[in-house]
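In this document, chain identifiers A, B, C and D correspond to the written order of the chains, with residue numbering beginning at 1 in each.
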Amino acid sequence: MNWFYIEGVLILAGINIIAVLGLSLLTGFTGLFSFGHAGFMAIGAYSAVYFGERMGLPFAVSVVAGGLVAGLVSLFIGRLTLKLKGDYFCIATLGFGEAIRLVLDNVQVFGGARGWPGIPLKVDLVTVTIFNIVGILFLMFLINSRHGRSMIAVREEELAAKVIGIDTYRYKVISLFISAVYAGIAGGLLGYYLTFLQPKLFGLQKSTEYTIMVIFGGIGSISGSVLAAFILTVLPEMLRSFAVWRFVIYGAAVIFIMIARPQGLMGGKEITLKGIAGILGIPGRNRKTARSGEV
Amino acid sequence: MNQILQQLINGFSIGSVYALMAVGYSLVYSIMNFSNFAHGGVIMLGAYFGFFFITLFKMPFWVAFIGAGICSMLVAVLVERMAYKPLRARNAPFLYFMISAMGASMFIENFVIATIGPTFRTYPQIFPAEPFSLGGIYVGRLDMMMFLISAVSLIALVYFIECTKLGKAIQATAFNPRASALMGINTDSVILTVFGLGGFLAGIAGVLFGMKYTVYPQIGFITIKSFIAAVFGGLGSLPGAVIGSFILGIVETMVSGYIMSQYRDLISFSLLILILVFKPMGLMGKSVEDKA
Amino acid sequence: MQKRLIIFLVLLLTATVFAAGCSNQGQGPAGGDVVKIGWIGSLTGDTAVWGQSELNTLELLAGELNASGGLLGKKIHIVGYDTRGDATEAVNAVKRLVSQDKVVAIIGPNASSSAMAISGTLEEMKVPDIATVATNPKVTVMDGKVKPFNFRVCFIDPYQGAVAAGYAFDVLGFRKAAVLYDVADEYSQGLAEFFIKTFEEKGGQIVAKEAFKSGDTDFRPQLAKIKATNPEVIFMPYYFKEAALSAKQARDLGIKSVLMGGDGWPSDTLLEMAGDAVEGSYFVNHLDFDDPEVQDFKQRYNAKYGKMPELNGYLAHDAFMVLVDAVKRANSFDPVAIRDALETVDIEGITGKIKIGKDTHNPEGKEAAIIKIEGGKYKFQQKYAVTD
Amino acid sequence: MELLRLENLTKTFGGLTAVKDVNFTVNEGSISGLIGPNGAGKTTIFNLITGIYKVTRGAIYFQNVPIHDKEPHVIAGMGITRTFQNIRLFKNLTVYQNVLTACHHNADYGIFDAALRLKKFRRQERELKEFAGRLLELMELSGWKDKVANSLPYGLQRRLEIARALALKPKLLLLDEPAAGMNPDETRQLMNLIRRIRDEFGCTILVIEHHMDLIMGICDNIIVLNFGKKLAEGPPEKIQQDPLVIEAYLGEGGMPGA
């Protein structure tokens, strides 16, 4: 294996991890399904590159600002749709994602459907790793606070959450906002890594893939999401030489996982230092994994 | 004036395509309470079944038509057994069903690409192609045919659900699965029936779709529109699915024809969200307060 | 019950893996005297038809070349990767080709977006790429500077748009044109834009500009609107599936205007699907199908794969020829030497004369062929070049 | 001292009137019972008080503040919380997490305090955890701390739901059939628990129950509903004698269990 190729795959995995972390907060911890996350990613990507290349902001600033723009849009969309239930919310986000793509297809300032080439390459493995560490820590700290617990309560039993005083609507909005920011940041990084943007990159398929990653990793597990994003980015690469059979296998694998291990890789648990120590036989509290909330 | 009439007819014709797909989808939703994303894949297979029955096995159209329906029925049942039943047995939350459905849809589409190939295939001409012309307004024969077949199958479906014992069992299960299981209804066979019916509808929808628009592995993509139509109408409601489909078809046509075709989906999706803001359960969906 | 299911699924997985393994056989292991040439393009997704045709062509040509002694004494081995038409996948695939498979050059992709996205990687790893049908000008030239490792064998959107508009205006004498295009497709958007530009510059009038979205199958709302504007010609710059459907639907609505298309049209499937609806239509092509050399290639392709090549096959053919020429003249498999030789390629391909311009990396002065559909057949009209 | 007051409370579902012109008050520090045959509208009243249902007509005052147009979480924040007839725990979380989640009102750090692990976050979080621990001890659930709620025996699930409600430090606690499915021994324990909660947490309790032993044993005041209307109200002795109540319940047979 050659490092140049591996590095490319790792960077892409890192970018996917950020997007999946965001979606994990929304789907895994708050229990809301979104098929419009590629839309937030697109908004983040285009605004980040706009800030960076047209307005001359520094790279990191423009990527984060791109994320925030995605977040702001999510507040607007969230206000309209977060009161909807289950599939209705799902389809509304699907419509949103497709609508964003259509707008970008039409807007010629950003290149329209033909895309925006010639973006300078500003993302390397180090940048992505830093974004990942910050992203994971933020999410971990958030989840292990009263805010994170309130979001989990929304997922577990919305009515009960309400009567113990949790403003479920507000927490849904916050959750959507943060996950849109993550998606936006991932989008910005993708733009600066690919050096090219095109609305087609952010299709429904991308939203679906991220959702699959979250479920694959296990609902309500940060480490699971990270692991799943990594595995499911690498898997199609490993299957690359299978050509047309690649996504047949991928599809079958998804069904297989749902049937054989529906709790996902981590099943709502987290990999912790304690857990690793336990596996290695280092004395201490000998627990392999700990539930979120106890880190 | 002519143009408005023509556009209305166009809208109805597009709507009837959506309706045929949306009904099967909504039927499954009414029982299982999840979006069966594999429905598009079954429709696509239906189109291929019909195509091969007619071209390879030289079957007469109606035999191929019914045959494609039956084969798709088997596929839908198989998908249910493989991808959903194990989840059902475990009482898994609806999101697992949805992911499993996505996996199935991905599997079916790419399996067809890998085995049959990505080429577009054209049905031989079965019905005369030239449209009726009524004072400058054109109505396609195939459209009329599709409209008729959709109507007949929908009426048959409604008859089946309203007037047969099995249909009543389906209704009961949709209303309250646990209670109906306690009343001696075999939930499993109800679910199989529903998937079978949904599959049959998907199959004939596929054949009609293929005749009208050719056959290729990504046909299933169009079912997104029928999902949206079903949401418009209220998920799980069959009349809702039909009405939603026609509304979507006409709205799309009017937006393309009179506003801006470049932004068609933006406008129709915004309308969808707007409707949901005021009617959170769609047009025909029942609005219920949370039971504590 | 559940155990059995899992076993079944495992079997299914193994079977697919096995099947995939089989379909991969024949590419064989690489020995010391084998040189690898990469290909990327779409084998899955909605543009799979064209990608498959390219890869088939390359494997056919490589096989023939190897049978007649190979290139510089070495056997050629084609390594092809699927991109699903997605730019991210294209970048991954190229990274794998250049660093792991160590290909000396890459042919493809068939989408401009992928071709633009891989530029950086090509430059970093110094491997040349010859795009087949990536027609966006920015594939080879960005901000007035030529990209050192990107080449192509097809003409570009502005050229094709100008040819179509010029032919419609000057030769066919049309003054009122309508455009229907795919707003979500890069190729369609580009071609539409340049057609409109030239047509209006010449003094023609664009009476309607309507759009649909990739994946749509019904165009009657847009067509009914176009019909009301009474155009003499409707320009339909998109691929043949949509072209056939929209042509049929246009005729169903009683539209009598002449239809015109770009290089997305040529395919046997178009005639089969559209039948009478495209009778009398024109389109811009890269080549004349009746050319004896073209016929020869078609027969060879058909003999091996049992079907006719799509247009991309012809361009992949010429890309391969260009590459072989460059390797021969460089007398080396060093990618940079190949790149240098590519800049001075001047050969006669089946799609016409290919003389790569040093400052553009495009085939300079390549004439377009105008084809008319008559009696259910493609009738070559004339070579047509735009004179500035 | 009056804590809660219902004034002409009415709720209709479509054409069906579930609760009609109900008036009663609950005094601070009392244990009140809400009884009546199935379908009398007891749980509906709980849903109205906690804001889950919107009131059709009438008013609800809590400490003389109208609450009938407020969102459930606001009402909870004012100090009213409840348990559910069909237990609604956070099923996949542990006992400890269930309680800790409900403690959130006792802290006020923001998202950034949490994300940056600021001092405020660390201090308040420590306090929350101590409080949750104490609560579990008080409710005799410490031994089950790390068990997933779903895996608890039924009686303990009920107790956990009460513990979770108490984490809010409520002023008014609504218990919806807390003794459902319990044997007489467990019921006796529950009675003691309810009294203890009143005394130790200083909260007022309104309880729906079918076990008359429990109702008669602990309630200071009982409200009887029938067909959505208030039938009678008063101390246990009076209710047991009330001919209307006796008839509503058993026709001629007298009070069950009394």
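Note that in this section a residue touches a chain if its C-beta (ideal position, glycine included) is under 8 Å from a C-beta of that chain, and two chains touch if they have at least 3 such contacts.
By chain, UniProt protein names: B = Amino acid/amide ABC transporter membrane protein 1 (HAAT family).
Because the structure is predicted, anything quoted here is derived from the model rather than measured.
Centroid distances from subunit C, each centroid being the mean of CA atoms, peak for D.
Chain centroids computed from C-alpha atoms place A closest to the centre of all protein C-alpha atoms shown.
Subunit C has its Cα centroid 34 Å from the Cα centroid of subunit A. One simple way to say how far apart two chains are is to compare their mean CA positions; for subunit C and subunit D this gives 70 Å. Per-chain CA centroids place subunit A at a distance of 31 Å from subunit B.
Looking at subunit A, residues 102, 106, 159, 244-248, 252-253, 255, 259 sit in touch with two or more other chains. Multi-chain contact residues of subunit B, defined as those touching 2 or more other chains: 82, 86, 110, 113-114, 262, 265, 290, 292. Contact of a single residue of subunit C with at least two other chains is seen at positions 2, 5, 9, 19, 23, 43-44, 48, 183, 213.
On the subunit C side of its complex with subunit A, the touching residues are 2, 5-6, 9-10, 12-13, 16-17, 19-21, 23-24, 43-44, 48, 80-82, 84-88, 91-93, 95-96, 98-100, 112-113, 116-117, 119-121, 124-125, 136, 138, 142-143, 182-186, 188-190, 213. Put simply, subunit B touches subunit A in their complex at residues 29, 33-35, 82-83, 86-87, 90, 92, 94-96, 98-100, 102-111, 113-114, 224, 227-228, 231, 235, 262-263, 265-266, 269-270, 272-273, 276-277, 280-282, 290, 292. Listed in rising order, the residues of subunit A touching subunit B in the complex are 27, 33, 80-81, 83-88, 90-92, 94-96, 98-99, 102-103, 106, 159, 204, 208, 211-212, 215, 219, 244-248, 250-255, 258-259, 262. The residues of subunit A lying in touch with subunit D in their complex are 138, 141-142, 144-150, 152-153, 156-157, 159-160, 162-168, 174, 220, 268, 291, 293.
Here subunit A touches subunit C in the complex through residues 1-5, 8-9, 12, 101-102, 105-106, 112-115, 117-118, 121, 190, 194-196, 198-201, 237, 239-249, 252-253, 255-256, 259-260, going by the rule given at the top.
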